């Protein structure tokens, strides 16, 4: 595949996760290019976080003659038209993180439902019981709905928990902080907060400001979230957990695309493991996380083969 | 022709010139784009933007601004991918209601003399709320006739070119030539004068908003035909894009100065400007900024021409 | 356009004024108030068929308000309106008025600036629609302009906003005379000549006479008494919202009208004793072939004459912004004439409008002293006899002439030593004009320089020197003794190389 | 009665406070009277940011029809990164950090004005373009990394005096200062004058272009300051911190009674509308209805308040 070209189509660059994702792509593809694995692998970001713009971007990539397009999709369905056109033009399409439902595309999915339900399972395992606050993402977006339905079904199945409040934090720390601060005074005691990532630290700040005792806040993978957790852990033995999707998934997707181009057989649907930080490996993870960034896993070609092989079993 | 007239003509032709320049740049960078297939790919997403732009232009013609057109287009796509497919009559009814609501908002704005900018901002939440309620997670499916017709491959030129030509012509006839268009632009130029001549500003505003609603509806359906499924946030950026397109096309925010042909060309230009970036290799950090530079460059051209005209 | 409406020119005025005494419009007990301001006290007002009615009165007398009621743009607070024998009270509005044949050219011009001449005709006529409406609209306007202002030189595709105010006024006047399925039976002209030069004003007067001769009616409002005397069959005088006098033309003289309006009869015009000094304060180099250089001295009153829109305003604006090589020593202030476009801040009070030019001088430690601002504004309001209950009222609550006075106060109250006046007496009543003339003379005595563009020939006699403009060039300089209507006109119409 | 209505009509900002108060009452009812005081404290804190940026937006909108500053979100992203980089977690660098943030904002404001003046780009598009460029600069500078504020700074911006957030006091002072500027300085009067007509203002010898320049610089400068404060408050900078202020500032300014057509500003309304916008969200969140309906009601409430308050009074 040394004379082939792979492009990354990205729809948003405005937060640390996406920045880390782009960085992972950059690191891994630079290496791959200099190793002569691939001819080139540029990344493109739309100026607006919008499916229509990304669809246009993909159409241009078709014209540019890339052999494969790796997509972090703005919408699971709205790009289907453009993806179909790409497939028709003989281009390999791999979607990750934000996946697309178009059957011809490869999907590197994260089980977002599980990301929701595992939070409740964790609270349960901690022996908690009572009122929950749920912080959701951006309304109308696939990921938000998936995680939410995971949380919701788990809570429904468990009489011990009740969601007493729900706000939309838009995966943005400041928004989460603002929304939680607003609703908090109207809520009874909260034992735990279910989150979607990027919002845990904001929630913690809001609780602190309101002079309330911080409940168990499920964390994402941002450095600030882990740092706060560590600080609480050292101060008073605070226990929580973090689960997220690693920005290195872009590297994962790159290798998948490369393998397909190289002729390897790869399943249409793959699952990327959720990256988990626990009380025990917290310090370890923080050490590996760039300051101010997010916890990451940089997948090598070998890792990808291993994970795929495991998935086959 | 005098120098001044020359510059004035160039200024009028500016939207076409910038579009031409962009196309030329893209063709040089990627000769493959210069084909039926290539043009279709480059411009198909401009179709819904053209409609949204004309909708915005109607509103701008009477000195208002519509901050809700993007979410309205998204809502239409959501209705289209759910109700219209499953219960066509109900779906059609919902779309008609949307247009009627638009007209009602126009009436409210005139009746209470409200600033359109906040009313439509509020309205954008209403549309978005309805869309999220209807389609909490992206999906649904466009009616087959819709996605089929947007995939049509007519003879001679690709579909977007036909759309652009027809829209320009109809827009020009209705807004720039017809006797109705005069009243419309007159209301933007001097509403008091129009009212003093006995026209009902209420009627004019309702008609304008109703037409904007209709154009927005068509925009949503075209977009749905292209994407084949709905999404509550599908077209939120159309709000700003449509405003920018109207301005690129030579229109101004006040005074009833709008140009339908320019607006259509502006919509195509903006669509291409975004694509243009994909053809240039730019450092990832600067890709967003490069869009800004392109916008500035395109508009700077206009400034140069009008300077030239004034100096001549 | 109905060819009968503007019958062939009649050179001489008809001896018998009204054709029959049939009443066309009859207003009875009409009143109108704006909040506490009683703009119209209960008033009876008739217009006869075939009559040309002159309406005069001081600024704020209620003339425009009465005409607004008559044309349906304002509702009367009380009273009945009968048009053509039909009682229309209660359901009278613009549409009804238009249908009954009542047309109005408003004091504040109301064309759509973004539209062409032909398109503006469409705004006035619902019947102009369907295939070929553009052709019909253009023909309609062309016809009307040809009749009212022969030799006008307009193209029907010209955009109104790109014309100077005088030209816009011509278009709007002509539009009022156009007819489609609704005939024009009564045309109201509210200060139609305020921005017209003498030639166009004369054309209009002749056209109004012809119109009346065809059995239609006109109402003309003007502060130029000579025009009223030239055009009217009957003159009605208003004062403070009521009609105080109403006599046929023959029973009036210039002085009796002025007196009836409540002003002292005009002083005999004296040639000014110049106070010009030797210091040149304004200098504009010649703009090219055959054009004279412009110069003004300290204490001098310099007139800018010629046909309307021949570059006088541009010269004033160039001096203000010191463009085009203009050299000015000292501060400059402008009194605009086109108050809507150039003069008034519509959202502000009278006070703020007046003080806008003074702000830097009212400032102490970076803050405007509100007390002095108010005191000074009030003082200037009083000096110019501004007619308002409260200086804090919105500027738009003032009558047109009073708005103009506020603009005078803005410039005269400033520390500027050079005052530019862009035909500033538009719509100012005679009494005030006299006061302002006197004030200008006094200020000039004290060393201020006035550059005065005017379309009123009479005002040139107040000048020390006059430059005559023709197509953007200064073609003639007249010193005090040479100034006469004849000399100015001759210079304006001469062929210049 | 008509008298009262007229009086209220001339105080367009009253309605935003009425709206805010009503929403707060409903929130109390929904939450069974619980936490009313704390809701207010939270509202004051978060409205403070909104007020600071909206004051700048108000100046821009007042300076004439079609004038609006869309670069605010990107300025916040940039200035929060700049301030945190300069402070570098050192208490001694707090003041330089804030100054740097304001300067970064002012530079963007200057660029905005340059685009509008030199290239004659309509303000909406000019500020939109510059916001895209600013975002790229922010990405390049900040690399998307979050830097923590010095503890002293964080404590300062989250501090309270007698239950009243320091930030709210700052925003109140800023609002009072701007109100004085508008009413009592030549600059302020000129902003209103050019908002009504640039031509008339120029003919009245007001400094039109200088005033426009100051206005765009002030707006972006205030956004710059706010960026630093948000970074301090939120425990660090991030690229998406300003996103919500794009439309929020416009809504707050106009609901507060400032005329979109330019020329008339309303400072108290900024506070009323900022509180109102925060409390709507809180009220709907507390009511527990589904997200779609929440947005729907947000929109309807905004429209209702603006419609009841009524819009521009007819001029003559």
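We call the chains A, B, C and D, going by the order they appear; numbering starts again at 1 in every chain.
Note that in this section a contact is a pair of C-beta atoms (placed from the backbone, for glycine too) under 8 Å apart; a residue touches a chain by one contact, two chains touch by 3 or more.
Since this is a predicted model, take the numbers as computed values, not measurements.
When chain centres are set by their Cα atoms, the one at the greatest distance from chain A is C. Note: centroid distance chain B to chain C, computed from Cα atoms, is 43 Å. Note: centroid distance chain A to chain D, computed from Cα atoms, is 32 Å.
The centroid of the Cα atoms in chain A and the matching centroid in chain C are 71 Å apart. Taken residue by residue, chain D touches two or more other chains at 132, 135, 139, 259, 291-292, 295, whereas all remaining positions touch fewer. Touching two or more other chains at once are residues 128, 131-132, 136, 287-288, 291-292 of chain B. With touch defined as above, residues shared between interfaces to two or more other chains in chain A number as follows: 13, 47, 139. Judged by the touch criterion defined above, the protein chains form a pattern that is neither an open path, a ring nor a star, and not fully connected either. Two chains count as a pair here when they touch; such pairs are A-B, A-D, B-C, B-D, C-D. Every residue of chain D that touches chain C in the complex is listed here, in rising order: 180, 183-186, 189-190, 192-193, 196-197, 199-206, 259, 263-264, 315-316. Residue ranges on chain B touching chain C, taken from their complex, read 177, 179-180, 182-183, 185-186, 188-190, 192-199, 255-257. By the touch criterion stated above, chain B contacts chain D in their complex at residues 63, 67, 108-109, 112-119, 121-134, 136, 240, 243-244, 247-248, 252-254, 285-293, 295-296, 299-300, 302-303, 306.
By the touch rule above, chain C contacts chain B in their complex via residues 71, 73, 93-95, 98, 104, 106, 110-115, 119-120, 122-124, 126, 128-130, 133-134, 161.
Within the complex formed with chain B, the chain D residues making contact are 65-66, 70, 115, 118-122, 124-126, 128-137, 139-140, 247, 250-251, 254-255, 259-261, 290-303, 306-307, 310-314.
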